[in-house]
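Here the chain labels run A, B, C, D, E and F in written order, and each chain numbers its own residues starting at 1.
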Amino acid sequence: MRADGRAADELREVRITPDWINTAEGSALVEFGNTRVLCAASLTEGVPRWLKGQGRGWVTAEYAMLPRATDSRSTRESVKGKQGGRTHEISRLIGRSLRAVIDMDKLGENTLVLDCDVLQADGGTRTASITGAYVALAKAIDKGRSTGLIPAAHQPLIDSVAAVSVGIIDGEPLLDLPYVEDSRAETDMNVVMTGSGKFIEVQGTAEGAPFDRDELGKLLDLAGHGCTELTRIQSEVLAG
Amino acid sequence: MRADGRAADELREVRITPDWINTAEGSALVEFGNTRVLCAASLTEGVPRWLKGQGRGWVTAEYAMLPRATDSRSTRESVKGKQGGRTHEISRLIGRSLRAVIDMDKLGENTLVLDCDVLQADGGTRTASITGAYVALAKAIDKGRSTGLIPAAHQPLIDSVAAVSVGIIDGEPLLDLPYVEDSRAETDMNVVMTGSGKFIEVQGTAEGAPFDRDELGKLLDLAGHGCTELTRIQSEVLAG
Amino acid sequence: MRADGRAADELREVRITPDWINTAEGSALVEFGNTRVLCAASLTEGVPRWLKGQGRGWVTAEYAMLPRATDSRSTRESVKGKQGGRTHEISRLIGRSLRAVIDMDKLGENTLVLDCDVLQADGGTRTASITGAYVALAKAIDKGRSTGLIPAAHQPLIDSVAAVSVGIIDGEPLLDLPYVEDSRAETDMNVVMTGSGKFIEVQGTAEGAPFDRDELGKLLDLAGHGCTELTRIQSEVLAG
Amino acid sequence: MRADGRAADELREVRITPDWINTAEGSALVEFGNTRVLCAASLTEGVPRWLKGQGRGWVTAEYAMLPRATDSRSTRESVKGKQGGRTHEISRLIGRSLRAVIDMDKLGENTLVLDCDVLQADGGTRTASITGAYVALAKAIDKGRSTGLIPAAHQPLIDSVAAVSVGIIDGEPLLDLPYVEDSRAETDMNVVMTGSGKFIEVQGTAEGAPFDRDELGKLLDLAGHGCTELTRIQSEVLAG
Amino acid sequence: MRADGRAADELREVRITPDWINTAEGSALVEFGNTRVLCAASLTEGVPRWLKGQGRGWVTAEYAMLPRATDSRSTRESVKGKQGGRTHEISRLIGRSLRAVIDMDKLGENTLVLDCDVLQADGGTRTASITGAYVALAKAIDKGRSTGLIPAAHQPLIDSVAAVSVGIIDGEPLLDLPYVEDSRAETDMNVVMTGSGKFIEVQGTAEGAPFDRDELGKLLDLAGHGCTELTRIQSEVLAG
Amino acid sequence: MRADGRAADELREVRITPDWINTAEGSALVEFGNTRVLCAASLTEGVPRWLKGQGRGWVTAEYAMLPRATDSRSTRESVKGKQGGRTHEISRLIGRSLRAVIDMDKLGENTLVLDCDVLQADGGTRTASITGAYVALAKAIDKGRSTGLIPAAHQPLIDSVAAVSVGIIDGEPLLDLPYVEDSRAETDMNVVMTGSGKFIEVQGTAEGAPFDRDELGKLLDLAGHGCTELTRIQSEVLAG
């Protein structure tokens, strides 16, 4: 049994509170255990210059951590004057993941920006961000279709998306790692899946020892199981 | 009567939730109506190089807004590569305000950093930040005294601090302005006061028309009234 | 009596030399004792993008210190790659102060930029900057009305503006603090007033101990006295 | 058959020229078809501050592209004043990949920095970089063991590492994609493997359409085949 | 005799390989002994905003060093977040030198950017860059005239340009200094000349001791001799 | 005759006011006609890390222009977040020029920083800066020898240094070009000389047309004449 009493294939308690702020077109506070991320979706008319005139939309994302989201304070990136490599990498991952479930033609020449700000971090912040950002995104698209920015007859969402981390610790594959497990994992994998069960991203990294095909397979099974559960929660939240 | 139904000398609904995150030594989520700020106090051993060896502590603050705290999204300062003038100005104000109620000798060679991150903005973010940061600070000092980082016999807190905005609209002095009032104010004033009723900061600005001594007096009366009420709320929250 | 032999309510020797450089539309070298600031006003056609087409003008300011304006050399902000919080804060104060005496409709779609560069610093650099910038501004407006950039029938200046610092040292309120006094002040206040005697900005800060309503009143009296004198000097200089 | 006449499971012509520059402790010019990357390994005494005193070494990497490595010129990151997200992401990937084959205890308190500068880009620059960086690294370690910086009795290299890209185009899995194929791929995967055939990194991304378990399996087979061949070439080059 | 066996007025072995990369409109790998610089010329339609509508072209240059071009690794300027003074100075020198042999009217509203990236440095990198950049530039102009971007009837090249360093060591004037000589030189001079034998730039610097008119004359003689030889090599390379 | 009535070999009116500010160890306001530069010399104990323990001193310089030194306002480099190439180039030139007349062993482990800030620009700002910086430097060294930071028995100054610009306009060599001439010059040369008549820097640039050996000779003659006169003025000013 794990330190927090979970089974190997069990998610932490997951809560998604939609509309946690009302300034954005869509928003959600997502919690995977103690990991807490505020996701805001901004929907605005127009697209970046290089996309103009093609009738297609754009989706992008920015991820950040508050300085005291972690047990020891980190310096603000605005004070350092630049974003770090980890921030860039996760922002890009979130953007790609959400773009995979959007039909850009149906979105029309509109832009969706997903801001995922980690308020408290306990492992799995990037997967919680993707899972919560989907809810904020769906809310913003609803709003856009009701205000007419997106024609009501168009549904740009072609599937849902959820993500979870998996890893191998002491030779055992585990689902949804909190920080204390993540820091000890030999192999760490983040898996992003559609609601229909296909892969959008598979990012496996050997932190301690290289892994083989068999271990990879077990991790993918576990991730598939977790994403199915997350998809169910997203669906309930959106059904209201 | 005001748009939100309040009397001229009435605060918005104020809620302070202490320990909203558990990664920091002290924290509080403060709400002045729709304005919502997460305040985290970090207490660490040691002081900046220029203060070393004097047996005295240091207190500083950083203020920031999430990109979607406002009705239209603003670019992240980490993406721009620098903090703006408004951010700097408010961070400095918060730092000075909190330093005014700390006995640096009693704090010892320890540093307190207050992070005030605005999650949703509806006017008065700097005054809400100061008011909430005081609660986070008091919590962190309690923690420090219980862990021994600060000797239990020392109480570095010499007073409490609260802040509120006041302004003149259509010739009438009003307390605690939301954004819709703030943007129309002829004169705008932020007042920071100790729990014992003295001034730490008085910052009055003629946005529309210069003001006279009499108007200044009325605004200070109103602010005194608001800070008394905020001090009471802080005290209740800290009494637990 | 004070270290430099002045009475409590006496200004340092104030000199304003208009047209000290001839490259700008308006300029003035202002001296408050050893504090020496070069103020240049640039008047150009056009306004920032967000103001276009409204028939209104724009006024902004930038403050900076030469590296060796002070007794020990400070690193250039261009070398650090960013402006500090103090620079931002003072630039914003100067801009707000000057905007308060300009009728933007009369200015038309033109921009005034005030550059205040401190050549030698001995306390009160922000108040000297505002006082000198007004002279540079008035000169630039004269120039604009004579060249026709501003219609000669329009007078955008609706009042004059001057500023002075006041503070409490050893319990005594004093006018126009040089560095040696400023660094010891319990309370420090910068007051910006119109020539007609109203307040544009009141910024009081408790550096040592919180202050009460009575002390605030005495400081405002002293500041009013100082600004009246500065207004007289500005007026003489501009009368030529 | 592919545009360049290769079979689906065939690498482009791969050339690795060791010691292409003689200023670095180890270097290699690596070519995967028209993709040409200069890899330099710097071996220096000492480790970053946070690692000091533990008797362990450090390995890190930096990736960059010359402005005219591509068909249209890109702005230099030194001119923009910051590195982009893609640069950060690839630098981190190269660093992790090389660290996986180094025994940090055997390396001792020494640092290895791998610089991978793309001189000409035609797809697969990150995988070519990892493959070439391994040769530069091995050369630098040889040098360090011969000069005594690393004790001759210690061999920090525990395995070799090579990397290749694979992708699905028009439903068909292909090995080692040049730019013209990469830009059309539905799914794109970069795989980093040890010489002994285990995985260090698996990064699969659905660019066009989500992929399933079966497609993932075929891509991993193809990548395993390519890495085996690259390992053979590295081994020949290092055998001299 | 010199350490490398050359006579005082002898160049190092000079090799220029045109079209070393095929992504740019023109390119050349230039080697002066161990100094190796990749020069790429980008020819694009259009000019900077301030030049538009005048029917004239623009030529500019950027110089940089790879981090491991030198015996000890230097930090990347993209990591530092800014270009250093030396980089700026040399970029400007290369730009001015190339502009001197271009008829901007004949170039038409097109822009030529010369990128000179030092792959290995052993003294004389700026003079090698100018000499190689001329070849890349000539190639790019040929390309532009063949594609019609520049009318075939127009020849924007009005002369060729080459550059060499000279210096005084132990009182003796020497041609084309490698790093080991350059670092010991009392006086160091970089001379840029046209193929027709006139001066474009003369930059003489007393590193150790001031120099007189007679020494200046001897250095110019030596540089003239070296540039004549470089002009011959450029001409052969371009004749193909 | 020239537009300002001078002969071809005549300097503009040159004024050097020593001790123009009293915050620095040495200072001078230098004027070459309308060009006006404030030069401040900072003398402090200690040297940069890379020079420590060698018993030798260090001299460096920073040049900058106030935004309104010129007829049209330029953006502050602190606002842009970086120094431009021209600023870097001139700062480096001033530093090299001053270092050439200092005996670093006699200076001891002390640092001299020369700040040259252009208050008004009308051509020749870099040569005026060097000429004025020498006076500030000499003053600071006097101060250091009187306070004992530099042993009174040591005289680090081994010569004086002055600089002047020369150029060819309409085929005629002219001395000390104001902006109106400088912008029309075919060839522009800045010459830095010691008081004893030798060259420290010769920087000749063909702005319009390449120049020959004969023209170079005439320009050097003219510069020698100008520097002799500047040396006389410096000497008078320092004699007090």
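For this structure, a couple of remarks:
As a working rule, contacts are C-beta pairs under 8 Å (C-beta built on N, C-alpha and C of every residue); 3 or more make two chains touch, one makes a residue touch a chain.
All values reported here derive from a predicted model rather than from experimental measurement.
The minimal number of chain-to-chain contact steps leading from subunit B to subunit D is 2.
A rotation of 120° superposes the C-alpha trace of subunit A on that of subunit E, rounded to the nearest 5.
With each centre defined as the average position of its C-alpha atoms, the distance from subunit E to subunit F rounds to 28 Å. Subunit D and subunit F have CA centres that are 50 Å apart. Rounded to a whole number, the gap between the C-alpha centres of subunit A and subunit F is 59 angstrom. Residue numbers of subunit A whose C-beta contacts span two or more other chains: 81-83. Taken as a graph of touching chains, this assembly is arranged as a ring, one closed cycle with exactly two partners per chain.
Traced around the ring of touching chains, beginning at subunit A and stepping first to subunit D, the chains run A, D, E, F, C, B.
The residues of subunit F lying in touch with subunit E in their complex are 82-86, 88-89, 91-92, 96, 100, 159, 193-194, 196, 198-206, 210-213, 216, 220.
Listed in rising order, the residues of subunit A touching subunit B in the complex are 21-24, 27, 34, 36, 38, 40, 42, 44, 62, 64, 66-71, 73, 76-83, 87, 113, 115, 117, 119-121.
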